[in-house]
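In the two complexes that follow, chain A is the common piece, with chain B as its partner first and chain C second.
And then the complex of A and B:
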């Protein structure tokens, strides 16, 4: 990479320094209270995992629908998805403290009635084996998709596009299965008495929503500092904004479906999950999710020109990431802190530790490879008329009346 | 920060094999399109149209006869009993309402996603939506037992001191479906105005001039008209998109809001929506594959269009397969004996034949669409679409009847068998649907002419000198 090298080296150093310092702080927290550390770390881990998975999904979707507009942002998403092997390593602390976090792991030898009936799925050996399988699948998918994309940077061959499509086709199936099971394993099974068939879709919807906010921010920053200046234009921002609006609605729809059906049926074995989250300080967090995760972004994103306004979109995307963190906390933290939500130093340390580690690797990727797929066959299409956002569908051709 | 600039931009031409294929074949121009599409609604009806219309009209008559018999006699003429209080009636309702969803998907969601290939099929799919909703609306009314009291469902405060039960999903259905129908109708009609004006301008008889003239509402094709038109289409697309999600979600609430194992499950809303789009897309294919040949529209509804619809079918079918899998998984995971029983009864109970047929039709057979050869074979896609139609009808039957027929008291278990009235009403509703659709292609522009002309321009259309094609449906 010619001249962005020094920037990425500095970014890598800063991220690594933050990661090491925060990691040390988190380590102290681990030594003092493994249980509390486990929850704080799990929350931070799920936050970054959801971004990586969201990126993997968006890359595969791009190939499956043969998209053109998203070519300029695809490499950044490929790098983000390619953090999967690093996330596998970062899962090790969770694997170690799991018995302090997942009650069912601690009672594996003396299960209650609820656990007895699901021991075929919730047992230690299968739990760890599954985790291994998830990371293997995500890593291979992200690796192959990026490898073919990088190969196309050199050859520009159509064969690479075809290969990426094939990987995406198979990958989408594996993705749907693994993400669902991972959400059940690592979040839903915190309360193993509770289950919801929509849970995997809920985690998926929130993950993609947050990833879209992240990629908007990333594209804006990379455009500002240089690497994407010539390829990311109004059209890309508009389209990410449209998808963000769509997923704002989709997420709200999915969470509403779950909440509403549990509320209306009023079966105690289901309602306890929401009853716990409707008590104490968690009630307020629930309302923040309704208004901050759905209503405010929905209203702000409705207008077509809103998606072009950086003054609106950049804070909104930052806000979306915060809301996503809060939403994951709503799923995970009531088990540890039933009284209400609070952010502790340990939470921040875990977040920064993982952020630093992943940020350093991301900077390394960015320094090594072109910032966008430079010879992708659809790049030309992405750049055609790129300055003007599509306000209405272009296919209605008035002049042909 | 200037030092951080990346290398200079070079956007290569795509290799020939990845070039976007034309949406209109043989460089058909605007005159050809106007002549061809209008000709279908102008010329004499060909034999095949009558051959399809007469049996359909006969079945429609059967439908009304069955309804008259039902209303005059009572719900007992169906195969229902105390245990299975809902069977084919609600199965047919959910089946038909689901069929409608593909129209909205194609016209609204693909519009918002800027998929220009939708223009060739959108009009027919939207019409199909309306006719399917009409067929669907029959069943909740006639299943009431006292259908003359169906107006109780409408919010007419104070009338006879009747208040709708707003906590019942059946009441929500009334709102959801009527809103959906009205918005779909507006979308369909607004989109058709420029084409109605074309028919008006081409009309040779006074009656046609008058009728199409009234329907075209004074359209002249001015820039101002087009601007309003495009804005209206965009807004209606934006409104229709959440509606399409809400309608089938609310239909799913009819079941999921209950306590019944097999019905009460949180995945139902998105699962129903995916299933609806799946079945609707299958019905679009079932209708359009023969029609494109019979009307000579192969250059407009091309193999590429069928290929793309096949991909949507594959995606929706896979989502439905996911829902089947997660239902099984969660039943096992929950450990609830009732949930496990409900699932095992479906898969291995007396209705196992329906469950496995459903699974084969909906989750397994669409996987053939991974193969490009299958997606591009009209016969294969047509057969698959029929399989999906059958499978999706069975899915609703499986959900409704297998969850009911073995309730919590084994002494009240039963096995539902349809009567001739059940069968006649379903066949009759199919006749009504086909009758309406055949009338539509005979009298209204079945392809969005004005819109595909835009696609034609990009497909390298010949501008002038294109001879008018012969009129009539047989093209």
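And then the complex of A and C:
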């Protein structure tokens, strides 16, 4: 493995510097207008949280289906998931400004019948206790999964794989419940009169989609600069691309289901959410999501050879991250800015502050540990026939040459 | 009374997958275009060695899917807007939103049918018989032997030279395949 120690030290310094500078700028924004800061920060926070959760899901999925191809990219995902404790710390500003962001938190004395019936769930004590529980569960899962993986780097024991599989089996249930509730708590309850039972799945689908785009970019960069050069090949990129296409469809299916049911039922307490987002500048953003989040990536990813074309995939993955941010903004920001979407300096400051903090920690992880599970029993399987991706369908052999 | 039997091609038999794969590379280099390889299981990399282009089935699936989508939309429009206008729940007579589930399902159905039909058509199936099936040794193509056939339809085909070329490869046996079997005469 090429030595990239100095690269990670430099990356850590740059990230830390960016994070501190942007954090200071965000702090000024906080002092000036806690409400506006709360929304900007929440949007940035949910963006990075969704990447961490997507990574945790992909790691657990890898163990549950006993995957071979994804061994070389698993360590990077383990590090990404392991940002959960840092994200717990970064949640503190949201916990502080929550009363300015979530109206129901500040509505203790308001006579609101719809809210009264939800009080058993939407009350401050339970809200903060749940947040603690989510971060505890995500942190422990990410920590144990990575700890066993790192232990295997030293021992090479198959027992480690079995342990990770057991953690994943239990973890997948906990993950499904916590992600659903977290999406309800931190995004859906911004408008507590509204409810959508599919909301957790919608957040999950978008999160995994964005994470797949991120890991494609990360794998391409890490192959270029060295750490993954010998282990990440056409097959890995192809398979990430296939999953990206699947989640493009899955996301669209889920969001359409939500829209379709609300449109069909036509109940005012549900339709107001989309009515608000169909007005002003948000109408255009909705169309961007239909065409940019679903249709364009779907058509571009359809061809079997598209997934290995770096000239197509690298811009597309960058675009996917942008679309994911826009999608989260579509959920969060109309409450603050009903007349339309715009990016402010404060939005950027919050984004860069969290990005810098998490990037520095990620660089620290990367400098400390091997870039891939070096003694995983399935590593050789992932490398076998590395140059030839599994795209040559057997059925073509029956054709005349 | 009987017409002279027509040569379908030369059939070479190989003992291992590596040998047939190496032979495929040689046949391709020699410039043959009407030839094929038969193996009991998919051999990784054989498609590249044979220089096979990608299967065009995907294009048929895409066309089938697009057709299904359009058919679903048209069907819902015809029924709800045109033939028997029915207002339900204050909704418009036709909207892409409520037509989409039907159109989506039809896109899947037409796409899947296009995949099966295009696969059959491109493989020239179904067919009653193929000349290769009358050589007894060929049965082992489903068991433990690997075969490579060069057809007489190939522009480069020359009965003697092609046979000698095949024999120069690492094969265990070369035999002629005739267009019509003894039973037909």
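Quick note on the criterion: the second predicted complex is superposed on the first by the 387 of 401 C-alpha atoms of A that agree within 3 Å, B and C clash if a C-alpha of one lies under 4 Å from a C-alpha of the other, contacts with A are read in each partner's own complex, and residues count from 1 in each chain.
Rule of thumb we're sticking to: a residue touches a chain if its C-beta (ideal position, glycine included) is under 8 Å from a C-beta of that chain, and two chains touch if they have at least 3 such contacts.
Worth saying up front: this structure is predicted, and the values here are computed from it rather than measured.
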Which of chain B and chain C A:264 touches, first, second, both or neither
both
Identify which of chain B and chain C touches the larger number of residues of chain A.
B
Looking at A:303 after the superposition, I want to know if it touches chain B, chain C, both of them or none. Which is it: first, second, both, neither?
second
Partner chain in contact with A:370 - chain B first, chain C second, else both or neither
first
Determine where on chain A the residues touched by chain B overlap those touched by chain C, and list them.
260, 264, 392-398, 400-401
Going by the contact rule set out above, which residues of chain A touch chain C in the complex?
256, 259-260, 263-264, 266, 302-305, 385, 388, 392-401
Residue numbers on chain B that touch chain A, as the complex places them:
1-15, 17-18, 20, 30, 111-112, 114, 116, 119, 194, 221, 223, 226-227, 229-231, 233-234, 242, 245, 249, 253, 256-259, 264-270, 318, 322-323, 326-327, 330, 332-336, 370, 450-451, 453-457
For the complex, which residues does chain A have touching chain B?
1-4, 6-7, 113-114, 116-118, 120-121, 156-158, 161, 169, 172-173, 176, 180, 184, 195-201, 224-231, 242, 249, 253-254, 257-258, 260-262, 264-265, 267, 269, 370-372, 374-375, 377-381, 383, 390, 392-398, 400-401
Per the contact definition, I'd like the list of chain C residues that touch chain A in the complex.
28, 33-37, 39, 42, 44-48, 50-52, 54-55, 57-58, 62, 89-91, 97-98, 100-101, 119, 122-123
